[in-house]
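The structure appears right after this line, and notes come after that.
A, B, C and D are the chain letters, set down in written order, and residue numbers restart from 1 in every chain.
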């Protein structure tokens, strides 16, 4: 749904003006919400109302707004988008508009043009000739490009409608640890099946607890069954997964019995060194060094994976992209077609990925720490459904639904 | 293992005194640990050593200590226990000894007498005639009784040895959310089978999250299969369990699909009112009103349950013991023969039960909040193994091992 | 604000019916919100609208509703409240209405009568003769009394307006640990001054962390300065406060330097025993045994305090009310005139008190654990403002504003 | 203290062998701990003991070990360190030794050589000619260098002694939120004064909560007073600090009154853009654009700061080092002379810095989330003292002690 606000004043009630206006909106297939009314205390005083009107397409909305103008309403919409030129690479004009992660149109010479690559906290670069518009991170704007400034000429789809059509709707809000979660997992499994059936992509973002808890094999089964199409993680996930594949431990703890290996704290370094020696994960698989685990399944199933570096990394593995700006770019490029994102026990990578995701991507965040879930929503990924639970269990249940042994 | 400390001084090394002493301890089947040594800097200076000696029984320890005295050691042990009379009901003499939760003996006229009903933070009441000794809460001592004062004449079993023989030993310490937990659950299931096989009792202490998460039926299966022999909880667990049995919801949320019932926040009050009308849980079962759930299974399997009241209770149910001192007493009485305690998602009841449990009872505390686990250990129930995980999953797994459908 | 819903159908827009209705509401000083509209798709189809109308008093609302009926609207309001008789002590009729914690009126023979002692999750007992109505806990209804059943004839003040006039409004919602809190404390201090100036009461509900963190003296200063008029806590707060006063420790830790006392884990039992010997806290103060601390200040300033028992209590102190139903009653009785409630680091007592508080009482919940704050709101005390912070710091700052040394 | 283990077997007690050995250790100024003993059950069976001997210097330890060998003991020490050549840049030989963060010596041709730049999880590169040894991250070893392999010929200082001399000793272990913290802050302030007095350096590692809570000015005062000599943070800290300096908000919330700014969620992007336009933080200060805050104080006091990039960054600021390997290197270079590290509300940067710190650096970790503190210790920074508290309060108190207005 696309919306715009209109304001109307006068003897709204007596004269039937408000009545006529709302009638017109209805006649044209639109919806309305009376946002604010200021009724004159005395009969003779004028009243004033702010009304949000909505329509399913930009075109229908335009017709409604034209009619409203005829009736005397002021329309806060319709002016062309304002542009300013970038004078220095990576620096925007002062009043640049910052994007949200919701579908957006900009008005270029009276035409509503959709903004591509929608992502929160970006500038919108406009090519008025084509016409075309796209989100662009601050650091990537180039001298001479035109960027949207101010706030006129912009239409953002209201999320209310997005939520209405939400298949996940029964979850409403977050799923606390004190709610039944078995049902939620079942519903997510069903959704994943549908997405796969229609050729959509599923993104998994994982933290090292997935490996430490012994849930790696469950995730590998999901990968093998085709339910992971893009994978984001850090050096730690891949390292401990390899550590398990080579030495049976994760952070030095044997996953088969929970005991600590002697000198186990050095195991992850040996794992890293082995992969460095082999020249990377894929070579290690090809040379028969790495023969199982999450990374093995990603390589053998040709699932694109991005391992993004962080300052707490040991090693790192040769596959890690150590530059954070380059890692972000690689992540952006792999988001095309993603319809569901599962974020498993990782705050850093979940927030980072959330920053890049359009709001239309169904996002599920599983973490035993309620703060991770809360923070993700606070940082703008409001569409994320949080499940406060144990990731080991979540993956076991999910794999049970989708990739039964 | 029972231990005592001895101190010895002299030219320990040169003269071979230390050597002879340690030799003697070994000869008598004891163990020793050199706790502290103060060696003279100059050859001619005397040295001094504090040694902890241990033996499997009180009698063997006595023989070792006698030998040590012969060799010139000072033995911090062996004096008779000191007693003082209670002059006022519920008030102990000033210097009363407060018990730990570990097996304890007191020396009455040279005889080591075991302390019955061992429980932390109690007074020890002694009947020197029999002779006999028992733990007694402060408030329950009676005028004229004799109570242990000071710290001499008391032997407390060292827990080191208790831990050695621990079947749960592979868990070592707490099981964080970042460790593999499937194995731990398997091990607990095995232990529960053994306890049941040898006629020991299993205690379950539960909080309302067990019901809210939909894990009630898993717990009911465990009860039906005979794996719960004593049950402690509060008004909320029973209330929401009944709410689910009668209305399908827990705190107003339908457990079959996670949706909220209209007026659902009143459901628990209706459940309480229904049970009050029936005259209690057992009458409600007998009248065919309550036909499923945790409380139903407890009633039909004749498992003793204690519902202890708290100031945040609504209602409460007629079965609730509202007086906290009476509830504690009822809980104490049902602990005989308990060998394993499972504490499921409850801080209040877990700590309360922990306060009453002998340290020899294997204790497992499952909570998604690490703070609960930590607090239980901090408050003296150091034998508790904490599992930071989701109780819904824990019970499903456990019931899968012990009471497969 | 009191509200009622009305429904109107017909050719709402064309005929000007909706316009006339809204006009009438405005003329009579009321407010309206169009809750739902169902507009006919075709011109000739009828439309239908549900409108919530509100007025500042019950009387004004009645006039508006009468007018709406004239205009053809259906008014979901105005029928008399339905009553049923209690047939068994402590058991309500099946369809009994359960109260919220918001100001409520019931319609007795056409007259809107306020409900006294408003409290959530109670029955409403009506004396139709007087007429009068009051909240009554389930367990306290008596045979022969009349209780409200169903949901007609009841008006609940909407909290929207309550929030509007909220002095604490700048806090909006909860104050996370990542927000500036110094300002919030300043605001609370200002509010407390105002409440005291107009003779209102301030309730403090405290948990043992107040004592363990060494913040007891800050709280005592607030008591001495007259800023605590009612005090609720459990056995632990009083015990550790006395432990500190007598022995310098809280749970065995010296508050002057943070070191652990030898045998410190027995200190709280010695403290309890000392007070039991003295016959209670007041006698202990009078005999010169207890000479400082929170409990000392409460006694010497004649501030009523309720210590409610729990099953994890040691002792307990003679002042503790061990029966939870009696403790609740005592807490209820002391709530008259309370305008602000500060809940400091206690989940059990905060939720218990929250259950008893009318929603109009400004409630501040300070806890380092965000879960406590969340749970309080989830359990119905939605007016509670949560401050996720360290109670030691909160009390130091607050005492700095109100009771500077 | 430097330690080595020796093993001795024979008729240890009868023959006086053990006695003579311990005597010898004492005579030479050493200390010993009997780690394990296996006494023959029968008189004629041999016994066996493992003993850890310690001395203050490597030289003294050597003398003791020589004597022990004379007496027939097996010494697990003294062989030369084993080396292997690096055959590929950034890849170590398979059995490479991984360093701890504790002072270490390696035995090169019979000489104990200290390992420079001590840091956990590194390889040790040896130059046998000089002789010299240094820690080197895996990725930085170069072809042809020699690296320690296996575990012989290595001496690691035992931390027991390090803890003994710990000025922070009164804190013992972690400071939970339920302990008095005012004293701890006082002690830290005293320690910081001493470090500054003797020319040592103080490192502060900060997370964005420092700015969000309004504690930035407290930190700036500490910087201005000379109590911060090195500063590590991420893009967010600097960004929100600048946001506050330029626009009065942090994440869109006005720090002067806690209200949200209209369009406040765009403020941090405007702040970043402004600094990008200026060319960085120092140019922004020099041009008079940035006139207050933490970053301003760092620049004007010439305190080296490292801003390390992460994949969740917006912007980033031009000062941010986006490559994580380069950022780690920059952090390593600035650690020389650091004696105290304060880690304030940041898990990522705290763990990353902890990985690089020698264990001798006094480390204080302040976080409201107990998990951060626990994780830091679990990841090897065991010397870290955790304070579970509110960073706003911590900095206010600390600045009160060290930089009173």
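Couple of notes before you dig in:
What we mean here is this: a contact is a pair of C-beta atoms (placed from the backbone, for glycine too) under 8 Å apart; a residue touches a chain by one contact, two chains touch by 3 or more.
Since the structure is predicted, the reported quantities are computational estimates derived from the model, not experimental observations.
Placing every chain at the mean of its C-alpha atoms, the farthest one from chain C is found to be D.
In terms of C-beta pairs in contact, B-C outnumbers the other of A-B and B-C. Between the Cα centres of chain B and chain C there is a gap of 36 Å.
Inter-chain spacing, taken between the CA centroids of chain A and chain C, is 39 Å.
Taking each chain's centre as the mean of its C-alpha atoms, chain A lies 48 Å from chain B. Of all residues in chain A, those touching 2 or more other chains are 371, listed in ascending order. The residues of chain A lying in touch with chain D in their complex are 88, 90-92, 94, 96, 98, 121, 137-139, 265-266, 269-270, 272-274, 276-277, 308-316, 322-328, 331, 348-349, 351-352, 355, 369, 371, 380.
Those residues of chain B that touch chain D in the complex are listed here as 13-14, 16, 18-20, 22-23, 26-27, 34, 39, 43, 370-371, 374. Interface residues of chain B facing chain A in the complex, by the touch rule stated above, are 170-172, 175, 177-184, 208-209, 212-214, 253, 255-260, 368, 388-390, 392-393, 396.
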